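The structure is given below, and queries will be raised subsequently.
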Amino acid sequence: MDLTWNQEQEAFRAELREWLERNLTEWRQQIGGVELSGDTREGFSQQLLWERRLHEGGWSVVSWPRRYGGRNGSLWEWLIFEEEYWQAGGPQRVTQNGIQILAPALFELGSPEQRDAILPRMAAAVDLWCQGWSEPGAGSDLASVTSRARATDGGWVLNGHKTWTTRGAFCSHLFGLFRSDPDSERHRGLTYLLVPLDLDGITVRGFSRLDGDEGFAEVFFDEVFLPCDAVGGGVVLGEVDQGWSVVVATAGSERGLLRSPGRYRATAESLVALSGATGSDRWQRRRIARAWMKTEAFRLQTLQTVTTLTAGGSIGAEASLTKLWWSELDIELHELALDLLGPEAEMEGVWSKGYQFALAGPIYAGTNEIQRNIVAERVLGLPR
Amino acid sequence: MRFGLDDDRTAMRDAARELLARWCPPDVVRAAWEGRPDPRPWQVLVEMGATSVLVPESRGGLGLDETFLTPVIEEAGWAALPQPLTTTALVAAPLGVTDSMVATDMGGPLVPQAVIAEAFLISEDAGLRLYQREEVDIEPVVTVDRARHCGRVRPRGPGTPLSDDRSVIALAFDRGVLGTAAELVGLAHRMLDLTVGYVTERHQFGRPVGSFQAVKHHLARAQLELSFAAPAVTYAAYAVANGLRDASRSVSTAKWLAGQAAAVTGRAALQCHGAIGYTTEADLHLFLKRSWALSRTWGSSDSHADRVAASLGL
Amino acid sequence: MDLTWNQEQEAFRAELREWLERNLTEWRQQIGGVELSGDTREGFSQQLLWERRLHEGGWSVVSWPRRYGGRNGSLWEWLIFEEEYWQAGGPQRVTQNGIQILAPALFELGSPEQRDAILPRMAAAVDLWCQGWSEPGAGSDLASVTSRARATDGGWVLNGHKTWTTRGAFCSHLFGLFRSDPDSERHRGLTYLLVPLDLDGITVRGFSRLDGDEGFAEVFFDEVFLPCDAVGGGVVLGEVDQGWSVVVATAGSERGLLRSPGRYRATAESLVALSGATGSDRWQRRRIARAWMKTEAFRLQTLQTVTTLTAGGSIGAEASLTKLWWSELDIELHELALDLLGPEAEMEGVWSKGYQFALAGPIYAGTNEIQRNIVAERVLGLPR
Amino acid sequence: MRFGLDDDRTAMRDAARELLARWCPPDVVRAAWEGRPDPRPWQVLVEMGATSVLVPESRGGLGLDETFLTPVIEEAGWAALPQPLTTTALVAAPLGVTDSMVATDMGGPLVPQAVIAEAFLISEDAGLRLYQREEVDIEPVVTVDRARHCGRVRPRGPGTPLSDDRSVIALAFDRGVLGTAAELVGLAHRMLDLTVGYVTERHQFGRPVGSFQAVKHHLARAQLELSFAAPAVTYAAYAVANGLRDASRSVSTAKWLAGQAAAVTGRAALQCHGAIGYTTEADLHLFLKRSWALSRTWGSSDSHADRVAASLGL
């Protein structure tokens, strides 16, 4: 047990802190001071400026190898980055879907050519990747996707309908699951494809999240020809008809599973500050302390997890526990803030917006009901 | 001994329900969101007498009491009516303010429906004062539920004093709380209805989502809270109508229970709708956002629990 | 809507209140002041003295017809009785299993002879009835009972093993379900039998509840001969092999379903008094107020239900809502009291005992998980 | 940077686990309930050095710190050890009290294990004082967990002053809280283990009870609370061992989280056991009742939340 950072890590933190302070100021001047939601078209372009700045500073993907635009950082550097980033009040990361979901899959199962072609441009926020999993009839039950990919000379022909694609209306590429074996069922016969969104026959329609921002999109594929080389290294990730195993492998990868406590820590601290500003009674102070303790527990449990992972261990089903924890915690933190704001809580603002965003937590990335099933069956070993 | 609505009260509630079903479907609420409020739902409610239930017959009203009006307001909650029925019919009418759509700051500093109201009931140190539209400046405020048309209201003109009698003002506040509790029960009921419909038709893993025990238990919990909040609202209306000693406490109890029911039902409804509920394309958000606003106005749940605690000598 | 009591009801209440005050004092003198738990042998006999006193006063079963020892009271009189009884601090009713579960079945499906033979002695606490539903392998899944009843000349031969029989070690009779058709399965082929516990071959072993009181018993049947006339009017309730329908009918009967808010109301008031005695902070006072409001909601919802029933309506599945409410409320009230008592809460006492008793609420009479299923399927109409 | 037990600490914890599994099975706890406390579990813990972890080597101890001892205490919680390991090894030893089984009133007025303890650490206005068995009167008190052997302790003899230094006394209290939090985590863990075993083997409706989603979700919730409470205890031990600035806060955080985990797990365990859990024949009650007592001693959850609130400047 040793909870001290070494000199390199302290230096990393110091350099980052200094860089963030300077660059956030410059970026805010650059965008004219008014920071918009990254889930609106204007806000998205504001944040692209930020993402590119992050990349120029070498901070967009600290834990990636240098050749792809990273710093060869360990999970510890990644944790430090997240702490400092949210502490400094950095904006949401609009490039996260590619970095959190596609990149781990490429690191695990992509070809060297694919990595070279995709990762640097992803890190530089040149190519913007969105996720093509869900369909109107395939939400929690992902294995029931019906969008089809028909092999043809020099590529694939795509037909179907994806939806709930986060920020799809603002992205340049989509990674998703398509049924490549027409006779297959469920998890079999799916292929993981990489698709530029500017191909003929693709229609993207943005639509509104709960808070009214155009954060979602549905993507229609109508006889879309996807050339094999539409993406450097090829458009198939992993083997043809083996897309499900790619998704599973990805879901099981450390980087895919980890979620940094930094953001929640920052929210808890804003909540404490808000309580000072609005005033609070003993009941509310206790509730805030309780939420703060849960935030601290998340930080400590993450240190434990990262220790396990860096020692070569793996998590897996335990990631479901983390998801349950942060998603419930995020709602609790925001509800508390709204209670402090009282009758003015309904105003459009950072807390009411944050609350609505937090409410998505128990739904996306596997509903909490499904996460509880996973905990019961795979952590506790209860019968299916 | 007889608890619940008799035929007359049931008839009035059903009449309101039918009118609202016809004239205030979700599209009308959405229109209000987009700044195109449709005047018809309000007109038909005025025509059926909903706004004059508490107005004496001598002054052209129905001369009835809160036990007739509250069930109608519950229906307005069910429909997420984008007009101020509680303030107009339950708070203002007994103060002698009739024939106009009334907004007030008694429930909080952001005045709901300020943008569309015709008259304003403003609480001042000296007491309650009424201002006509041309007597006030209104600064619109964007809130999460756009159909609330909130604004900050600043009197310009002289206005008319309505009452400086503390007990009258306290009763007016209790009436506002009562109406808000009734709206919350209606909203919870609507969110539950929408969700039961959705989970019955939505299939995943080859079966209706509603057949999973986790979903069943979320919604059973919502039904539980709703089943025990509704009678508390019914009683509070009776207690206020009959000036019972525990009227204020019953009103706080109703608001707290209704707030609980709406909160539990709202969370369950959103969770059981899944991603579709997390968009403005599904109707759920119209009711969910209204319930968030009402649960923190006309006194927070905590403040009402404190009122009850005090009344118990705690 | 009219929440005033009529003159007769007010008179009923006044007479009862006066009677309870005098008789509780006398009874407490009679037992030497120390009131023991009715789930211990000594306590049970103390409370039999009380039950017989109640019967002499004509208060043991106010809603029954006079001929069986009741007062022909309506559900309103029953409600008033419960309010006053718990308000006055009356002891638990050790005869409830017979009165709440067997009696409704007799009223619905018993023969006149059975009613005449059983009900007056039950009301007088001469015959003491316990329940023989559960078995080691049949708890929530009642239809899986395996205790057998073999028809024979002039009666039945019983074999098997019942358990969780409340106060079984102190009772004189048992009513229960036995498999009379050896080839039957599940709900079919069960017979509802009335069994004196002094027959040869019956062994009753008392065992301890969570709080250590001997409140449970298991009952073993080893080739027990049960004569047809062991109970006046016959030992079979309803039809042979139709026992399940008797249970269902009973479960659906108003009196079986109703539970009076009086007891919880009294607990809530003791809690308010305790808070005055121990002192409490704002947080605790709010929690007490919340629990009080839930208690009040229970009272009001019951008035609504009784109105429906007296108007000839029926409840049914809604009874599951009531069970969920009071069982969760009872635990909440007692947990609050223990929190007020703080580090001394662990002492044996009325609150720690009451807490342990309250914890049984979500388990017995159909677990709350099963009640939630019922609400979802029969009240909300969700698919099975 | 390294969070968690290293090989040495793991080895010591495992040694304790094996000893307790062998010498402190449920029957031994039941014997303690019936007033026949078995001295062996305590003897073997003393022999393995559990009570002298914090005693300097110069004085014949192991000269180690709280990060070695806390995992052992967690195991004692898991076994519902009917002897005062926390007070003896974690609270008293650092104050120089060794070689005797110590009970104290620092956690509350009812002194656990007063009936069997050899020495008594009593908090007085003047500070902490140590009394030998023959120097005190003990009035046994019947509590829900009979294996706690509680009593009220009244000094008779002079006793020995241990410390009047506020910071020393505060640290002693924090150590007691830390040990109690560790016991609670162990108890929650044990209750969850027992329940998983039961619902896997118990069948109803032709399937294991543990295959019902409602049961799965109850136990998943318990596992969740436990998974996030345990690291907080690990950290608190480290913070106390290294005298970190947030040591007191970390101890309160650990106690609050561990109390939550034990409460949630206890309710889930009892509910999922059903009727069998609601008897003294099943072992569950031995651990459940211990967790009730510990959650309200050494500071209530609320009092620890208040300590954290204060430390946050709330």
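Going in written order, the chains are labelled A, B, C and D, and every chain counts its residues from 1.
Quick note on the criterion: a contact is a pair of C-beta atoms (placed from the backbone, for glycine too) under 8 Å apart; a residue touches a chain by one contact, two chains touch by 3 or more.
No experiment lies behind these values; they were computed from the predicted model shown.
Of the two chain pairs examined here, A-C and A-B, it is A-B that is joined by more C-beta pairs in contact.
Averaged C-alpha coordinates give centres for subunit B and subunit D that are 50 Å from one another.
Our note on geometry: subunit A versus subunit C, Cα centroid distance of 54 Å, whole angstroms.
With centres taken as mean Cα positions, subunit D sits 40 Å from subunit A.
Among all residues of subunit C, those that touch two or more other chains are 281-283, 286, 369, 372. Residue positions 212-215, 217, 302 of subunit B each touch two or more of the other chains. Interchain contacts join each chain to each other chain, per the touch definition above.
By the touch criterion stated above, subunit A contacts subunit B in their complex at residues 134, 137, 139-141, 144, 164, 207-212, 216, 281, 283-284, 338-339, 341-348, 352, 356, 359-360, 362-364, 367-369, 372.
Subunit C contributes residues 281-283, 286 to its touches with subunit A in the complex. Interface of subunit B with subunit A (complex): residues 107-110, 141-145, 148, 150, 203-205, 212, 214-215, 270-271, 274-275, 277-281, 285, 292-293, 296-297, 300, 302.
By the touch rule above, subunit C contacts subunit B in their complex via residues 1-6, 9, 76, 272, 275-276, 280, 282, 285-286, 288-290, 292-294, 296-298, 300-301, 303-304, 306-308, 318, 321, 324-325, 369, 371-373, 375-377, 379-384. Contact residues of subunit B toward subunit D in the complex are 212-214, 217.
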